[in-house]
Amino acid sequence: MKLEKKDILGIQDLSVGEINLILATAESFLEISTREIKKVPTLRGKTVINLFFEASTRTRTSFEIAGKRLSADTINISASTSSVVKGETLIDTARNLEAMNPDVIVIRHSAAGAPRLLASLIRQSIINAGDGAHEHPSQALLDMMTIKEKKGAIAGLKVAIIGDIAHSRVARSNIYGLTKMGASVALAGPATMMPRDIEQMGITVHNKMEEAISNADVVMMLRIQLERQKQNIFPSLREYSQHYCLNRRNIALAKKDAIVMHPGPINRGVEISPDIADDPDRSVILDQVNKGVAVRMALLYLLTGGSQ
Amino acid sequence: MKLEKKDILGIQDLSVGEINLILATAESFLEISTREIKKVPTLRGKTVINLFFEASTRTRTSFEIAGKRLSADTINISASTSSVVKGETLIDTARNLEAMNPDVIVIRHSAAGAPRLLASLIRQSIINAGDGAHEHPSQALLDMMTIKEKKGAIAGLKVAIIGDIAHSRVARSNIYGLTKMGASVALAGPATMMPRDIEQMGITVHNKMEEAISNADVVMMLRIQLERQKQNIFPSLREYSQHYCLNRRNIALAKKDAIVMHPGPINRGVEISPDIADDPDRSVILDQVNKGVAVRMALLYLLTGGSQ
Amino acid sequence: MKLEKKDILGIQDLSVGEINLILATAESFLEISTREIKKVPTLRGKTVINLFFEASTRTRTSFEIAGKRLSADTINISASTSSVVKGETLIDTARNLEAMNPDVIVIRHSAAGAPRLLASLIRQSIINAGDGAHEHPSQALLDMMTIKEKKGAIAGLKVAIIGDIAHSRVARSNIYGLTKMGASVALAGPATMMPRDIEQMGITVHNKMEEAISNADVVMMLRIQLERQKQNIFPSLREYSQHYCLNRRNIALAKKDAIVMHPGPINRGVEISPDIADDPDRSVILDQVNKGVAVRMALLYLLTGGSQ
């Protein structure tokens, strides 16, 4: 089966069948990274450009390793958004890259919609590696892959997502994906961090994290953006932690075998206590990172014409 | 035929035969970037270092892609000029790299003459990727390749170059190249942006861009360096644009089939109006970028002993 | 013979046999960098991450070239220490990388002990590429390789090390290595730059550089960190140079065939006069750089299971 898409812009665009195809492909790639020789010639002679307008060590590294293990040529471009202030200029940058004949452009940009704009204008495949507060599809895919591995299936599970929902592309992509796959999603966070009309997405919204966590199979904590403090969205880290830090006490409200997830990098003691982050029975945070390479290999493979 | 040169420091150093050899080699490489597998083993086991003392996304990316499509190992070094204030230190940096046995060092530096200095001291091949206001030979080569493709030949054409000639290494390299290849070159720009004694280079100089463009086969616009405004070289962007922006009105003075070029990145509405930059019948700006990869593949190939 | 070690954290941990194994392996690799095709498939499918928390052009480039010539996939991560202020976060960064299944992580960090901390926590091999004022083992290994090549053997030699001993990881690693290998080491530097109890390391300490240099086979100059001036460790560069700059006059006190070494980058006229740095009969500074690639190839090879 092939993926009948030029681009991966968001989970909102993907059907259940497409998500399953990507996850199955990723599973078949998982084993490559455990081999003695962690490299297959699949994408030899393909060019993958990582075009990052926001700093990101882990996502860029994950895509770069994914490309290299498939034998693609990988090119990193880190551009400061400041030099690309006008939408026109972003388009010109992309058209210039297009003229160098890459196969895939992986883009991270602070502006929601930037990847979709580029995808509509240039002929190569675009992967959205995070655009503003919009979507981060490869993160949601690796999250779903992790949940599926740990829980057997996604349908029927209760997933709690806790934190700054309004500003989180991770939350948004996961809400799209998890509800499509049949999970029920419960959100919790301060009122100032909850998007309006969010209930229309078919999920429940709580102010208290305890209510969202209650009886959950999966607890997904979001990274708090420490710089938001200055914007008066929340009064203090200490107060935030008192209400929204996952710890030994409130995790007990979840199912006995509930798993704990976090997209990283984690703020220990802010949104998650260290003992929970490091709990080998519950925390699957590093499994997520591990799945990330396989998911990105799958995306690069499927977008360049590979079939599963 | 082989290129009997250790380095590519400027178009001024190249004979017509050498330019033709490079362009013919580049043409033969153009097709590789359109293949399903865009890679040939030609430079396997060669090391190409991109040593950039000035930020440059597109030129560095173009050289890196060129190297990788030839299977060379490419290493990027971006050095801030501030840490290399003394000429001595630049030499020490280069000698250190020399000791690591690269095959080609591609260098961009804000000081005119830096690449020539290094070429005289170290045994590996140096490619000048832009030195101050001196030369940018790979840019002029890709420009000539584009003109040749679009116009059949360079000899006999009238090429207008418009803008800040005095501070443009692109203009300088093109003037050397185009006059060698038999084109007539007409320059236009504000008096403060025109080098003295420029007419001695065998070209005509105009104050009004309309005079230079008149009956031209090729109109090459230069990027205006916005930061020069502070140096009082020109009074305001608005006034500059009124006199030196290529638009639908003044392009009508050129030949009916005249092409429009720009080394990028373009300042839309400053030196070129958006409708001209995007005009599919006239603008060859993205063709230039496309040829850039092939030209740089040719330079890397010929300098490492390849023959055409 | 195999290296029975997971990590290379410092010369202090290495036995004489292990040092000899590394040097012999490096010697066998030296020739690869002189070939027409400077690449062997030894580490194909291995992933080497260069994780640099301090800027370093030459060491990073040396490791990257070493990895590529062995056909490893190399990934560069340059992180500012500012974003990794807490030890916890450094650990999280490393655990994240661990989850992506690299084979070797090369780390440079301003905190002494950071590489050892990581090595104790993650399963992959760690190479210390410089940690604070603690150790820089690959530098000492390339220094010993250079000495061995120039002098035939290390045992029995007198090696003078001159400069800011207290803050130099290069000095520390060399002191461990050279004394293990049977050389006698004589140090000289200002009292403020000499660690306390240094004589316990089995070496002689002098205030006057002339005493240390006297009759030496090897004179190793250290780079003065210009930013230390502000910390009142030494009064002025001029005064430092008057007492501790290697020049034509004081080098005459060394053996007639003494060699001059420096880890680079050199401050010409501060700790070494230009004529000495460039003296073809004495200076082996660029030999050191050349050996650096071979030593790093040897470390990557031995840590991934290679045998000599």
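Note that the chains are named A, B and C in the order they appear, and that numbering of residues resets to 1 at the start of each chain.
By our rule, a residue touches a chain if its C-beta (ideal position, glycine included) is under 8 Å from a C-beta of that chain, and two chains touch if they have at least 3 such contacts.
What you see is a predicted model; the values in this text were computed from it and never measured.
Visitor: Determine whether chain B and chain C, two copies of the same sequence, contact each other through the same residue numbers or different ones, counting it as same when over half of the numbers at the interface appear on both sides.
Guide: Looking at both copies, the contact residues mostly diverge.
Visitor: By how many degrees does chain A turn when fitted onto chain C using C-alpha atoms, rounded in steps of 5?
Guide: For the C-alpha superposition of chain A onto chain C, the angle is 120 degrees.
Visitor: Please compute the C-alpha centroid of chain B, do the same for chain C, then give the distance between them in whole Å.
Guide: Each chain's C-alpha centroid was found; their separation is 40 Å.
Visitor: Would you mind listing the residues of chain A that make contact with two or more other chains?
Guide: none
Visitor: Please give the residue numbers of chain C that touch chain B in the complex, ascending.
Guide: By the definition above, chain C touches chain B via 33-39, 57-58, 61-62, 64-65, 68-69, 264-266, 268, 274, 286-287, 289-290, 292-293.
Visitor: In the complex formed with chain A, which residues of chain C make contact?
Guide: Contacts found on chain C: 44-47, 49, 73, 75, 77, 79, 86, 88-89, 92-93, 95-102.
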